[in-house]
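The following pair of complexes shares a single chain, subunit A, combined with subunit B in the former and subunit C in the latter.
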Partner chain A sequence: MPDLTADGVLAELQPIFQEALDNPGLTVTRGSSGLNTPGWDSIAHIEIIEMVERHFKVRFDLGEVQDLKTVGDLVDLTRRTAQH
Partner chain B sequence: MIFNTFIYYFLFLIPCAILYRNLGAKFRPWMIALFGSLFFSYFAYSMAGIAGALCLGIFLWESITSRLYTRGSRWCIVGLVQGLVFLGIFKYWNFFTGLLFWNHANPLRWAAAFLPLGISFFTFEFYHYAWDRKYNRTESGTLSEYLAFILFFPTMVAGPIKRYQDFLPKLRAEPKQWVSDWEIGGTRILTGLAKKFAVADLLSAWTDHLNAHDVALAGRRALLLWLFAYSIKIYADFSAYSDIAIGSARLFGILVPENFDWPYGRRNIQRFWACWHMSLTRWLTDYVFIPLARLRIGSLKTHAYMAIVTTMLISGLWHGAGLNYIAWGGYHGLLLLGHKMWRDWRGPASNKFVPVFASRVFTYLCVTAGYALFTMDLHTAALFYTRLFRG
Partner chain C sequence: MVDFSFCHIDEILMHRKSLRRQLLTAEELKDLRVAVLGGATTTELVNFLDLLLLQGGFRPVFYQSEYGRYYEDAVQDPQALIDFAPDLVYIHTSCRDVRHSPPIDCTEAQFNESVESELERFLEIWNSLDRNLGCQVIQSNFETPPYAILGNMDSVAYGGLSRFLMQVNVAFAQEACKRPKLILQDAHGISARLGTRNWFDWRRYWNYKLLLTPEANLEVARSLYSMVRAMYGKSRKVLVLDLDNTLWGGVIGDDGIEKIQIGRETPVAEAYTAFQEYCLSLRNRGILLAVCSKNTEEIAKSGFEHPSSILKLEDISCFKANWNPKHENLQEIARELNLGVDSFVFVDDNPAERVIVQAQLPQVAVPDVGSDVSRFAEILEQGRFFEPIALSKEDLVRAALYADNSRRAALQRKFANYGEYLDSLEMVAEIDSFKPLYLDRIAQLTNKTNQFNLTTQRYTLAEMEAIAGDEHHIALYGRLTDRFGDNGLISIVVGRIERATLHIDLWLMSCRVLKRDMEFAMLDAIVERSLDAGLERLMGYYFPTAKNGMVADFYAKLGFEPSVADDRALPEGATVWNLHLADYKPKNQHIHVMEHANA
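So, the complex of A and B:
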């Protein structure tokens, strides 16, 4: 069962981002976004979303995916969806 | 071009902006809706006669149905479909029915077809609103606010493509910064006019040669010169429209999205598209790429790749109803795909001066090479490339 605290979700996102962006040394914060994270383009965005959905066994709807701009948004959405 | 007419400035923009700034909050959206309607009717009539002006009815119909869009509602689907139907009928009817009767006279041809003013842009704003209401990404606003959004005439003809949730707070805010808004807006408009007259129109002397007759007679150097001239011209021309639109909106105290951010200086094709016609790129990402990529056909990477190419094909078709535009979109789809695969294979890009400089030049050359497809029909473009590479 994944840790669904904000810090816990952020910690579990680290290996997902590292794998999706092919950057083992990467550490993302709540403020990380496509604008300040190398390699986080539209395709990587979709890959990250799908990996997060698989990992946390959740499904985000299209509108929610479109609203995601930062890692913080993703943490909050994951927690919200997983707790329902 | 509407933006270089005195009528635009002295009959519509300046009177409307002054009245807008002096009215109470309740009346401001109605003022934009009124002037937007007059603007549309006047210029649509001058371009396509009474039928063109009657297309104002599309806005009124959309504004009525928009009141029914609520989260998850079927009316949102109706809204999405009707936006595409308007665009499909006016812009693509003859093109697609012509494809059905390839090499034959098209019995379904609409002989009196015309393009309603700004249809490529306002239908995308209709679509965005219906979609975002469906997913509860924006509030509905009032009828007058929605009318002001779709009839905001500075962005009606050539964008930038706005988002309702960004526009609404600016519409509701009290426009207080008269002096700075008019200084910034006026400067931006003058910048756009200078780009248009001093750069884009001047280059037409060269780019007008991009036609079958001249291409057949020209040598390699002339072809290259014309193509490079076209790359500068299209940027100067289109970014000039955006400058004027953004500057015009600023006279109201309304900030609309930027559309260009030095696209030719970018180091890869993905960054180019993030900086070229940015409001369209964001629209296509949100309403075409992400929904397509989420369909999950094939492996994760495969369907993301397919979604990229499909999105760019649609982008090409949006730019014009012709096979050359689709080919141009496909070309950019393949460039984006090639870049993604290259990065997956080679890892992060180097930050050393020479590779960075070389990649910027290479990106510009790739973009410029594609303009032959954008500006000429397929047959002429093929002739252009043949003469360029074989002599």
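So, the complex of A and C:
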């Protein structure tokens, strides 16, 4: 069972971002987004969503995915969805 | 190495970039340029295909059309594609891309017109690609639509989208039969096996114009990968089978022939019968069957005399039943069939045997078939090991050809010397310049021959076509018939004329006709044509690979002298050979060569 505290989810997102953005040294924060994170383009975004959903065994709704902009958004959405 | 054909999709999705980095370190990857033209976003599909191709020994470079621009890229503005110079174009379109679906109240005439109009759009695409690129094109057909607006009537009424797409698929198939460079990918079948509920991903479609689920994209990529393997002659050719609890239930050495489970008496017996029928249908389309079993040979063979056995002994091209390790027997089978173990698929219910074979011979495909016979065929199918892109006459009679070979071997034992044996075969060869009729077979043989192949240069159909019409090349094929049957088109030589020299870029022969002196007949023909063209010498090249050691001294045996390359860079270990034509004496003594028609 993954750790669903805000810090726990953020920690588990790190290897996902490192893999998806092909950058083993990368650390993302709640404020990280496509605007300030190299490699996080629309194509990488699709992969990140798919990986997060599979890792946490959750499925986001259409509108929720549309509104995702930052790592913070992703942490919050993951926690909300996983707890239901 | 990870075997992606059975890898779980999560493994691939979660580690794609690391896997890719790891695969890129492999040596001897073959460059492959693939253009993907999609009706929807194709990035995920391309990502999967990229991994599969890397794992299969290719180094792919991709071109992707902007989403939905497949028609424009192919027809209206093909310059970017021309500049990219692909080896292969893949067009993936779906039921979302249909432009002429008929109105719900349409008549038969309107329906037929709609099918024509839809086909016409794709004809424009294929014709333009043919004209501008001339390379292989893979086109997907249409899946069943996500909604049946008319319910079951949707596949009956002229206004039903299901009915319409079925008809367009038939029209696509008819075109694919007519066009050698168009290969159809059966997306309809792939989606049906997966289920269309696991096929369409509407959330990703509205967000990113990505129509398919990752599962569907992976299936499409796997199917494409097997088609590329087939195009380059890398499809598997032999199914090697264990016996006890694989082809029949029970252990024949312990239970006896009367107790093994085969036939129609019990559910388990029926399942083994069905699996034997599956194996037989593979054999009937040209896949060789071999047996590799830990058994006493005579007892093992008696299983095929069971009255309910679907497979008979004569269906088995090579039979190994003894107590030696299976990987050793597989190598024996490879030697006897003159094929590499990389053309083998091994099926055994015993996981311990699978593990050791996989460890000792990693080139053999060893699917995890489990131990439940009712799943063997399905699991084999998922591996897509035996994908053909065209069924040649030769494929359909291949097993018979190998049977002829064993009759020839029996005959050979009775002669005083080898020349007498060769004469007794009453061999007749047809050796001639490339003809359009044979170009498919020439490209196919070129891309699958690994052992008797001096340079292992691969050529696409389009390249062979170009060579056939080029006055600076002497390109010959050889067919060989003997008293036991037609061996088909079995040898190819491509020589390039440069000043007074013919550079032999390609010389290969099917191992089916080893030691028949066919190479002498081919050399005589090359020399004759070279002299007609006013040439003075032949330059032969040998590029060593893991598989072509058998021809390392080929040119020496033909009387060529060691030489050095003029000024071209050659692969490591390559040797160069030189033959002056001035006092060449014909070498062939045992094959009657027919007069050629278009000399």
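Keep in mind that, in the parts below, the second predicted complex is superposed on the first by the 84 of 84 C-alpha atoms of A that agree within 3 Å, B and C clash if a C-alpha of one lies under 4 Å from a C-alpha of the other, contacts with A are read in each partner's own complex, and residues count from 1 in each chain.
We take it that a contact is a pair of C-beta atoms (placed from the backbone, for glycine too) under 8 Å apart; a residue touches a chain by one contact, two chains touch by 3 or more.
Computed from a predicted structure; not experimentally measured.
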What is the contact status of A:S42 with respect to subunit B (first) and subunit C (second): first, second, both, or neither? both
Let me test your reading of the model: by the given contact rule, A:H55 touches which partner, first (subunit B), second (subunit C), both or neither? second
After superposition on the shared chain, which partner residues are touched by A:A11: those of subunit B (first), subunit C (second), both, or neither? neither
Taking the superposition on A as described, I'd like to know which of subunit B and subunit C A:V65 touches: first, second, both or neither. both
Partner chain in contact with A:E19 - subunit B first, subunit C second, else both or neither: second
Per the definitions at the top, what is the overlap between the subunit A residues touching subunit B and those touching subunit C? 22, 42-43, 46-47, 50, 61-62, 65-66
Parts of subunit A lying in touch with subunit C, wherever the complex brings them together: 16, 19-20, 22, 42-43, 46-47, 50-51, 54-55, 61-62, 65-66
Listed in rising order, subunit B residues that touch subunit A in their complex are 131-132, 134-137, 270, 285-286, 289-291, 293-294, 296, 300-301, 304-305, 307-308, 340, 343-344, 347-348
List of subunit A residues in touch with subunit B within their complex: 22-23, 38-39, 41-43, 45-47, 50, 61-67
Name, in rising order, each residue of subunit C that touches subunit A in their complex. 10, 13-18, 21, 43-44, 47, 202-204, 206-208, 210, 214
